[in-house]
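Below you'll find the structure, written out as C-alpha cells, and then a few comments.
So that you can tell them apart, the chains are marked A, B and C in the order they are listed, and the count of residues begins at 1 in each.
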Amino acid sequence: MHTATKAPFKDRAKAALADRTLKLAIDRTTGTAETKRAAAVANFPEFQAARDRGRAIKDHVIANLGHYLEMFEKNATASGAQVHWAVDDAEARAIVTRICLDAGAKIVTRSKSMLGEEIGLPHALADAGIERVETDLAEHIIQLAGEPPSHIIWPAMHRTREQVADLFREGHNPPPEAEDPATMVQSARRILREKFLGADVGISGANFLVADTGATCTVTNEGNAELTTTPPRVHIVTAGVEKIVPSTAHAFALLRLLVRSATGGEMTQYTTFHCGPKRAGDADGPEEMHIVLVDNGRTRMLADEFREMLRCIRCGACMNHCVVYRQIGGHAYGGTYPGPMGSVLTPVLDGLAASRDLPNACTMNGRCAEVCPVEIPIPTLLRAWRTRSWRERLEPGSLRGGLGLWAWAARRPAIYRLGSRIGVRVLRLFGKGGWISHMPLAGGWTGHRDLPRPPGRTFMEEYRARQKGTRK
Amino acid sequence: MSARDTILAAIRAASPANDSGAIAAEAAALLRDPVRPALAAPALPKAFEVKASALGTTFDHVADMGAVPQAVRRYLDGHGLPPSLALQPAPALAALDWTGIDTHPALAPNEPAALGLALWGIAESGSLVIHSGPETPILLSFLPLHHIVVLHRDNLLAWLEDYAGKLAAQAIPRNAILITGPSGTTDIEGSYVRGAHGPGFVHVIMIDGG
Amino acid sequence: MPGKPNPRVGLFVTCLVDAIRPQIGFAAIQLLEEAGCTVEVPQAQTCCGQPAFNSGDDRDTVRLACQTIATFEGFDYVVLPSGSCAATMVHGYPELLAGDPEWAARARAMAAKTHEITSFLADVMGYAPSGRRLAASATYHDSCSGLRELGIAAQPRALLSHVEGLEMRGLPGNDVCCGFGGTFCVKYSDISNAIVTEKAEAVEGTGADLLLAGDLGCLMNMAGKLHRRGAKTRCFHTIEVLAGQADGPAIGEEG
C-alpha cells in the first residue's frame, strides 16, 4: 500500500526539482517575501509580544469556539445574512451550488479563498454549469492555466512573468500591449472589470468572522473582494469555523500579524467588514448574503493533538521560509494547502494513508515555527503525524525493520559498541582515502554526495585504549 | 441531526463550556494594553500622512470645505484629467461650488475620477475609513482610477483599536472599509505593481481648519 | 550563570562522532578539561534515540530515553558535541515522557543540566580558549536544532573569536537548513540534494578556507556535497578548531 501512496509524492517532487523555470519562479517570489517580512518585523519591535497576544486570542477562541459561533450566528442573522453550516466539503459545495442555482446564476465571480479550494468549489460550479470568474490576479492566472493554487497567498507563485505573459497573450482579447507586470495587470483589470459588473453571485472567503457584530472580514490588496461582493445580487461567504474572533479589535490584533507575515506589508490595502445584505436606502450592495460555516475536519482537530493548528491565520510565512517548499513548490505536495502548514492539514483533509509522505518530507529545522505569527509548533505537529503513521503501520516495512533492529541494539550497549566497531570497519571497505563515493544500499546518500570514510576505530575503542594507556 | 447540531456537539465534546461572563472578561483582557507599532510621528496628521504617503497616497491641504473644489481642480489638472468627476451623493459635497467641474452622481464602469468623504483616518496605518450607506456607494471607492477623498483632520484616530471603538459605538453598516493606499498586487513574482482592480491613485484632501 | 568550580561532566559522544569522527570527542574532552571539568564517558551510552523519535517510533524512543537518563542523571552536567542530540534530550525527552510522573521528573531534571558543548563552555563555564592560532578564513553554518531549540548562535562565534588569525566570513543563509534532517536526507534524497547544493554554493561563494558547524550530521552532508563538487573547502566541527586540531585532517581527509 505504502509504495502506491508514496510514489506519487516522490515522483511529483522529482519532476518539480527538474523544472528549473519553476525554481526560478519560486525563488523570485519567496526571496522577496522573506526580505520584506524581515523588514516588517524589524520595523515593529514589539512583534514578539504581538505574536504572544495573537496566539492568546486564537487560543481563547479555540477554547470557546461553540460560544463564539453561536454569537456570530445570532448577530449575522440579525444583520439579515443567512447562516448555513456544513459538516464537510460535500455539504459545503452542495449549499453554495444550491444558492447559486436558486439565484439563477450564470456568472459567478470569486474573490480568492483557500477554503473555496479546500471544499472543491471551482469544480462544483463547473459541474453545475455556472461560469466561474476568478478575480484575484493570481487566481485569474491559474484559471487561464487550468491549475490549482500552489501557494496560499500567491496562488500563481509557480509561474514566472514570462509564463504569465504567454497565458495572457492566449487568454486576453486583445492581448496585453506589453509583457511587463504593470501592463499585464492593466490588461487583467480591463478583462475582469466587465465580469465584475455582470455577475449574478459573488463568492468570497473570510479572513475573520467577527462574533460580536456578525460581520465577515476580507483583506485584499487588489480591491477585487469589494468588486466581487458589491455588484451581484447575492454574496456568499464560505469560511472555516476557526476564523472566528470575538470582536473587531481582536481582528485588528491578528491583522497586524497577518499582513506583516504574509507580504511584509503593514496593512492590506483593503480591509473590509461585510455585515448582512444591502440595507434599506443603501446606494449599492447585494440583496442577499449567505455565510457558509464549514467544519471539514476542524472539530476533529479540536479534539486531538492537532488542536494548535486551528490557530493558523493562513499567512503563508511557513512555506516562504521552508527549504523543502522552496525546492519543490506547492503543487508537488498534492493537497489544497502546501508547505509546512499544508503538511499538517492535508492528512486531516485527505487522510494520513494518502499523505504520509508530507509530514515525513521535512528536515525538522524549525524555521516555519520560528516565523509563524501565532507560534504553531509545526515540527511537533508533523512529528505527531509521524507517530500516528508509525503506530498505524503506514511506514515502509524496510524502515520499520531497520529501525527496530537498530533500536534493539541501542538498548544493549555492549552489542551496540560491537556493532559500531564492525560497522565502521565494513564501511571503510567501500572507500579509498578519506571518502566513500559509492556504496550499495546507500544510494540515497552517495548518489548525491560523498560520505566521509570512518577511521579504523570508533571513539569508544580509541577512548578505552587511551584510558588503559594512562593507567599504565 | 442538522449540520449545525453536529458541529456544535463535536465542539462541546472537545471543549468544556465556559461561563459566558468569564469568556467576555477573558476576551476583554486580551485587548488590554494593545501591542501595536509606534506611530510614525507624534502628531496624528503627520503620522497619518507619513504612513499613507509611503503607500502612494498623495496629499493636498486646504483650510475648509469651501476650498475643496479648487483642490480637486488642481488634482485633475495636475494629472491631465478632464474637469469631470463622479461625486459622492453627500450633502456636504453637493453644497460646494462646482463651477467649472462637471459633477455627476452615476459611476461609469471605467470612471476616471471620483470624490468622496472619509469618516476617519487612522494614523497607525494611514488608512481611510468608508462606511456604506444611502450617501455612500461602495463602488465609488473602487471603480474610478483616481479616488479623491476628503478627510477632516479632526477625524484622525491614532490606532486601529480606536476605530474599532467607533464602530462598536454605532449600528454597523453593511460595509465598513479601511482603504490603505491605492490598489496593488504582488501576484506576479512577488513584485509590487500599483493599480490592480481598485483605484490606481488615492488622493487625500485634508481639511486643516474649522 | 556561574557553574560549579570543578563539575563532573558526563560526555555524551553521539553515534556519528563515535563512528565517523572520534577527533570531535577528544576535542570535547580537552576543552571541558581546560574549562575545569572532570570528564567521564559512560560506557553504557548508545544513542539518544533521535532517529526513532523523528520517525514516529515513540516506543523505542522512550526506551532509549529512559536508558540514557539512567546512565547520565548522576552527573553534574551532561554535555554533547551536537545541538541536535542535545535538543532531543532537553526538549524531546520531557515531552515524550510527560505522561509518566516518575520519568517526567527525571527527564526534566536531566534536561536542566544537559548542554550542547559550545553553549556549556561559554555560558556555564565562562570558558575562552587561549593561545590558539590558526591562519585561515572560516565561515559558520548555524545547525538548526542548536540554533532554534537551544539558542546557540553567539556562543560558538564568541569562542571562535579567541582563535588568533582566524578570519570569520559571513555565510549568506547561515540559518537556513542544509538539508540533512537525519533520515530525511536518504528518504527524500532528491530534495535533500537540491537543498545541500544551494548550501554548498553559498559556502563556496564565501571563498572561506574552512566551513565550521556544531553538528556532525550537517557537517557530513555539507562536506560530502562540497567534496563531490570538487570544492576545496575543509570542514571541521567548531570545537576541533577551538581545541587547536584544525592543523590535522579535516572531515574526509586521511589522518
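One rule holds for everything that comes next: contacts are C-beta pairs under 8 Å (C-beta built on N, C-alpha and C of every residue); 3 or more make two chains touch, one makes a residue touch a chain.
Treat the numbers as computed from the prediction; the structure is a model and nothing was measured.
> Using only Cα atoms to place each chain's centre, name the chain farthest from chain C.
B
> Closest chain to the protein's overall Cα mean, using per-chain Cα means, please.
It is chain A that sits nearest the middle.
> So the centre of each chain is just the mean of its C-alpha atoms; given that, what is the distance between chain A and chain B in Å?
The separation of the two C-alpha centroids amounts to 30 Å.
> Can you work out the whole-Å distance between the CA centroids of chain A and chain C?
Distance between chain centres: 32 Å.
> I'd like the Å distance between the centres of chain B and chain C, where a centre is the mean of that chain's Cα atoms.
The computed centroid separation for chain B versus chain C comes out at 53 Å.
> Where in chain A do residues touch two or more other chains at once?
none
> Considering chain C alone, which of its residues make contact with at least two other chains?
Not one residue in chain C touches at least two other chains.
> Please name which positions on chain A make contact with chain C in the complex.
Touch list, chain A to chain C: 10, 13-14, 17, 323-324, 327-328, 360-367, 369-370, 380, 383, 385-391, 395, 399-400, 403-404, 406-407, 409-411, 413, 416-417, 420, 423-424, 427, 433-435, 437, 442-445, 447-455, 457-460, 462-464.
> So in the complex, which bits of chain A are touching chain B?
My answer: residues 25, 28-33, 43-44, 46, 49-50, 52-53, 56-57, 60, 62-67, 69-70, 79, 84-87, 91, 135-138, 141, 154-157, 159-161, 164, 181-182, 184-186, 188-189, 192-194, 196-197, 212-213, 215, 221-224, 226-227, 230-231, 241, 246-250, 252-253, 255-256, 263, 266-279, 281-285, 293, 295, 299-300, 302-303, 307.
> Using the touch rule from the top, collect the residues of chain B that touch chain A in their complex.
2-4, 6-8, 10-15, 17-18, 20, 23, 26-27, 30-31, 34-37, 51, 55, 89, 109-110, 125-127, 132-143, 160-161, 164-165, 167-168, 172-191, 193-199
> Residues of chain C touching chain A in their complex?
Touch list, chain C to chain A: 13, 15, 17-22, 25-26, 41, 43-47, 49, 51-58, 60, 63-64, 67, 95, 144-145, 148-149, 175-177, 179-196, 220-221, 223-225, 227-228, 249, 251-255.
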